[in-house]
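You will see two complexes here that share chain A, one where it goes with chain B and one where it goes with chain C.
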Partner chain A sequence: MDSIIPQLLTGLAGASSLFLVASGLTIIFGVTRIVNFSHGSLMMLGAYIGWSILTRLPRDPEWFVLGIIATVLATALIGVLLEMVVLRRVYRAPELFQLLATFGVVLILQDVTLWIWGPVELPLPRSRWLRGFVEIAGNRFPFYDLILIFVGPVVLGLLWLVMNRTRWGTLVRAATLDREMVAALGVDQRLLFTSVFALGAGLAGLGGVLSLPNSSANLHIDLSVITDAFVVVVVGGLGSLPGAFVASLLIGILQAFGIVLVPKITLVLVFLVMAVVLVFRPNGLMGRPQAEAREATVAAPVVRAAPRELRILGGIALLLAVAAPFFVGDYYLTVLTDACVAIVFAASLHFMMGPGGMASFGHAAWFGIGAYGAGLLAQWLGAPMPIGLLAAPISAGIVAALFGWFVVRLSGVYLSMLTLAFAQIVWAISFQWVEVTGGDNGLLGLWPPEWARDPSVYYWMALILSVAVALLLRRALYAPYGYALRAARDSVTRAQSIGLDVARLRMVALIIAGAACGLSGALFAYAKGGVFPTYISIPHSVEALLMVLLGGLQTMTGPIIGALVYTGLADILMRSTDLWRLVLGTVIVLLVVAFPEGIAGAARRLWLRGREA
Partner chain B sequence: MLSVEGLNTHYGRAHILQGMQLRIGAGEVMVLLGRNGAGKSTTMKSIIGLVRPTSGRIFFDGQDIAGEEPHRIARRGLGYVPEDRRVFADLTVMENLEVGKQPAREGMRPWTPERLFELFPNLGRMRDRPGGRMSGGEQQMLTIARTLMGNPRLVLLDEPSEGLAPVIVEQMANAILALKDEGLTILLAEQNLHFAGGVADSATVVEKGRVVWSGSMAVLRADEAARTQYLAV
Partner chain C sequence: MHVTRRLILGASGSLALPGILHAQGTAPIRIGEINSYTTNPAFTLPYRNAMQLAVERVNAKGGVLGRQLELITRDDAGRPQDAVRLAGEMVNDQKVDVLAGAYLSNVGLALGEYAAQNKRLYIGGEPLTDAMVWERGNRYTFRLRPSTYMQAAILAEEAAKLPAKRWVTVAPNYEFGQSGVKWFKQLLTAKRPDVQFVGEQWPALGRVDAGATVQALEQMKPDGIFNVLFGPDLTNFVRQGNTRGLFEKRSVASLLTGEPEYLDPLGDEAPEGWIVTGYPGEAIDTPAHKAYAAAYRTKFNAKPMCGSLVGYALINSIAAGVAKAGSTDIEKMVEGFRGARFDTPVGNAEYRAIDHQGTLGVFVGKTALQRNAGVMTEWRYIDGKDLLPGDDFVRGLRPASAS
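Now for the complex of A and B:
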């Protein structure tokens, strides 16, 4: 019993930090409809900038406060730059491309931060007043945590006043409801968006600098914070400030008690709560159904069979691929094998995302489940590779069916967020359940049998499997099932009214995608000789998204081209420069700005234009 | 005051406006008549800039505004009242009016909430009610009032009588006439010929995105053949 009050207070302090980040994220989403992946990076910058400022100031409380204000202003300014240079150019792009662009920003900011502040984490030397304790109900409680607890509600109150008592706030709330109408009434949206972004970035910066005394400025803040903030925003309801506050309290307290009571599954617990909330309240605790996009929507182009010329080109590429082992070295064979894996990985995501209309932020989950399925089977039963390669899609398919049962009814962003949550659960299990999964060390010694150990043989096998999967997915896409799936994507109500069982269609798509992806995971595991939790990491999920979106959603060729381009690009970049994240991030941002329909989509448009001319 | 010349607008591949044209003088009330899908709403959205026309010119006070951004067009003094009302459901009546507020215009008496409540007395009795909890007629009045807060010189009114009870339609007609007396220029899209006849000076009939008839309201009233050909359902 003794530990309840201090634990509660710790939870409340954590909740305040969460709220600072989540509130900015939710305000930005409300107005711009952009899920800002780089919001965690802004918090990270806040921590680093705060460190640089605070370590140069005297350590008195008044200087501390001044330093915080300076940090908030600096991050707000960075937010303004970000909005004007990147986001402003992608407001008209599809939702997922915006997400991709903000992920590009994450990569860029990672390297910029590394370059400026170096890889070592930077703790803030704490002056005496920051280290003080206060006695509450017989427990000594850190003074600084009390300040944090206080900051959350104060910020909520201030935001409420700004939103409800100023013209700016009224305009922001109106734009959240219908930004097109706001523009038609003479309000300059650009100014509104930039200022909203500045506010959100400033709040993230505040969260970052306030986190310094309890932890440090480090390079892991961005992705860990963005995951937590996503959870809070989704649980609270996208766009709702009070929702974000309540959800921060819920998650903060849950984390504080979870660490004491069930240290191993805290992460799982948090995501389970999110899943439960979304099942009962699909729009979050205080969210409302997403308004239909108030813009002239243009129907998605129909996925068409590739033109004859492209088939010939594909045939030539395939012949070259088959002949590759005769004229490239072992190193390139590994890269080519990775490319085959990437093709299956990307094509399976494309299947649920393009024709299925279900974007996944956690596609790596299936990849990991397949890999662990094969790995565990080998470890427990000594199952040989062919069995492992068969078990991988089956295990991933079964888990996909279970997961699908409660997500196929969710829509849009929420479904994507749940896929992310699910992937994090799988990751947490693989990372924390050391007895079974080997934890961080992974499962080792997973090698192909004698006959397939030669790199060229393994490569040929991977090539055959990837081509087979791609052809099967293509077959499904042009079967009546594929047409029904696309009908369900384009209009749920119309599809239902002609008798299609939308939930079942999507469920099947999820199972197919999960199973195919599981196979790619096992292929990869045997090629590398082991299974590791990093297979399921967020960056790996994002890689799948990158490949699909780079290639374009509209064509079946898209994910394949995307996978090849991405694998090649990553290989060249990682070998030639230490700043590969910076380069990759910049390439992503430029690609999104230049080709919002992906490489294959742009090529198709140019091709068609060439034909018409 | 406003003249539209050879306007073409596409939605994707669909060619909606096919050489649309019209001309309204200052202080005039013109009605755009036509069946569903004729292109009335698209004409209005193209003028205010919510839909970018593919080609053609739109002159407002002698300046070509085609392709400009909506907020710039609105600030020039063009007000737009959308067909489906689009009140901000979470915002109160007063807040909805606040969003529409723009600086006063020279030579015009600026609109204030108080003046608007004289025009629409119902609204004055529900200043703090959220837009989402108002009846259709009240919402329609609120959208018009909200647009007037921008002190426009020309108002595009898209089907203000649609779906309203006859009593409210009557009030709406009176309000439009009152606005006309204020010297406002109005372009009205309508399917209700009776309603249009009560307020408009001139009429333009559109069909499949182009003008098929235009002239004064009095002539249209006398021209039964044209009415049957273009407007009878």
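Now for the complex of A and C:
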């Protein structure tokens, strides 16, 4: 087949683009341990800034190169700013809080970019040399793609030189291996982190500006790039540059041939590769097991039952909630119903994340599976709502059990990334398998039966279910099982040495969390009259994380407070301003900076301070 | 928890107050419009501009039934679940008389479901999915824009005139892309039994790997290419296709590519000779369109986009429907909108009684380069009623409960 060579070259060009973005992400992660969600936004900024610079320069190759260098410097500067203004303040917070902060930055940058450059996509006019091609195996191959093929290895080589032949690089490698030790040796961490962030951001900017001749600067770059970059980084091994390079080659080439062989499932293919790699090599192709961060070995404070005052407060709030239909309008009842759903959604994530120690980046998968479980049952068998509500946790629980086999053996960020990959696979199936799931049009006509159609009745039902689930989760947490689960989280070796089956404990936690979350999905679906792939989207998974982290990990009330605050905030903002992403992002960043232990955590600290003083 | 809830309720309650003060009577007729303003601003912002222009014009002429129109818009963030929640806010809190909006098909369908469930009138402007008025059609949902079927039908008709026999398709892998390809194949094969479809490409929406896709299509050695890609996907596809010579000596039929929203970003690389559906914009020289385009330019200092046309026509159609109903009672409005005729800058149209589909037409033409920018040439306007299938076919698809 004479198509093999051009297709291979196309794959190599794609691999280079992937590597540019992934390399920055992996370097930043290696040193700072930050999962930088805003890396895609930096690439988007690179594309926009590059467009603004290059359209003002003459169209010759040398000016093109100059424009690229200027863009890289500009994005690196933005990276520095980001690190100094936001991230520097949250390094001491628990790992995932930084992720929250970077997601706030994503939201802010979306609106800022829209405000500066406008809504229309901006393609860079290509000069003649950028449109050229060479004849390869009887096919035309773009000259620019040939250049791209070389850029990847050249950047890898330069990075290798910097990392292995300079003092700065040595420090970066040392910090990647053991950052506390580097700090103990008297290296200025702030300077190191800031410079690493600048390098990573510059690489993202380079990726952005180099994508211009083949595409355009548009507002969708950020989220579409970030998932690809995550996949590459995880497959390659977090923090490993050569790993990222090998992984981008693998994925780039697979993508190019996958399009020819299995055109319909390319989206799933990438995530399948990631899942397979993680199953056989839990630390990625070239990653090493993470050095235990020393702070993390200090056991998290024991979760204790709420003090009497909090119980009274909770009781009053519950009474108010029960009485709500008598004094609020129909619309606010639906918002309160959404809040009940959000409570189950957040509490189930908290269960596996807080006591279970397994942070999920793809919690919306269970939400969606529950919703689709109920929806498909109603569509195929005409199952009534109570059956649907029962089937949702069962189907989500069963899938969680199957998925658990892969996931419980992983730990830390790898586990989170596998959950992300799984959620993306579920999303792709729901979005693309139109015959079964209805595709993006979704499953429609899923309304409650006559007796539950009244918003008050449905609200009460949601309230009862959400309170029941929250109490059940709390019960499990204070049962011997809960103590064992927390022991497994705090120290795997010690837990094993006293005879606890850690894998099984975590598996059960995953099933419980998945099932509870599935129920919230079905409750939501009946409230909205349908099931849509957006239920499983990444932003929805991030919402769950936001709620849990906003509330705080260390208490059972945390996720509940987080769910209420987030639901209320999002509702008010979306209705009052077109700039709600900017405001929401800013609020998130401010909250993370002000309350690194979450709202409930901060309240608890203030409360305890008063008692113990 | 206690404090939080009270805060939320207090804050949102105070926001809601103006809504409660306005009630029925001589108060304005309120249109509650929900759209993807943050996720698809390129289409929806010109659309909202034109809606405001239309509302001003209707009100300047004395409004409808002696009442002024009032437009309230909300952002659905591209999520059907948010759209449904906001529809509840519009109806229960803002007391709107008519629900309108949606850009994405799934948002349109979700709002249609909400309308049927709660017996409210919903007029969809932009969503293209056929299901909205056919398989999932209902009594309370109307749709203005020509559907995927109508757009694919005219392209199939034009493609049938070409000598091309070996066709390939490339479409984003989701409902819109899949229905576009389905109808095009079905309608073209019916007209030309000698045509063969030799391959298809299904890149994921918003993530086309353009080089590999173009290369794969090239290998199939087609005579004709049917394209459904749009937005940034289209830009990537056209650039790779131009460089790799995919479009040379081949016929291309392409859905929506003639809309300035998608054609303008292609700049001087806009393909020539593609058969497209779209909107020729200020090249339309009928007096009605000229007046509209001039007013739009004066007010917003920008050229009218395809979205603008839809937004403008949407408000006109709502005004006409309410006027014909003579009341803002929901059931009367449903009867009123059925068969309501309304003026648009491109011609007269109506909401068909049989399936609530608007007969706003389609522009079909060829792409060309003029002064380094893509334009539509040799275009003609086909009334929507001539693009729809026979009544029996439609009745077969539409549920009986939708009458």
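Assume the second predicted complex is superposed on the first by the 606 of 613 C-alpha atoms of A that agree within 3 Å, B and C clash if a C-alpha of one lies under 4 Å from a C-alpha of the other, contacts with A are read in each partner's own complex, and residues count from 1 in each chain.
FYI, a residue touches a chain if its C-beta (ideal position, glycine included) is under 8 Å from a C-beta of that chain, and two chains touch if they have at least 3 such contacts.
No experiment lies behind these values; they were computed from the predicted model shown.
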item	value
Touched partner set for A:480, first chain B, second chain C, both or neither	neither
Partner chain in contact with A:256 - chain B first, chain C second, else both or neither	second
Contacts of A:122 with chain B and chain C, given as first, second, both or neither	second
First, second, both or neither for A:11, with chain B first and chain C second	second
Chain B versus chain C, judged by how many residues of chain A each one touches	C
Touching partner for A:187 - first (chain B), second (chain C), both, neither	first
Chain B versus chain C as contact partner of A:174, first or second or both or neither	first
Touching partner for A:138 - first (chain B), second (chain C), both, neither	neither
Partner chain C, residues of chain A touching it in the complex	3, 6-7, 10-11, 13-14, 110-111, 114, 119-123, 125-126, 131-133, 139-142, 144-145, 213-216, 218-220, 224, 255-256, 259-260, 263-264, 266-267, 313-314, 316-317, 320-321, 328-332, 334-335, 338, 428, 431-432, 434, 438-442, 444-445, 447, 524, 528-530, 532-535, 537, 557, 560-561, 564-565, 567-568, 571-572, 574-576, 578, 580-581
Chain A-facing residues of chain C, complex	1-2, 4-9, 11-13, 15-16, 37-38, 41-42, 45, 74-75, 77-82, 84-86, 88-89, 91-93, 104-106, 109-110, 113-114, 117, 129, 131, 136, 173-176, 178, 200-207, 209-213, 215-216, 218-219, 231-232, 235-236, 239-240, 242-245, 261, 264-269
Chain A contact footprint on chain B (complex, rising order)	11-12, 48-51, 69-71, 74-75, 80, 82, 86, 88-91, 95-96, 98-102, 146-147, 150
Chain A residues touching chain B - in the complex, by the definition given at the top	167, 170-171, 173-174, 177-178, 180-189, 294, 296, 298-299
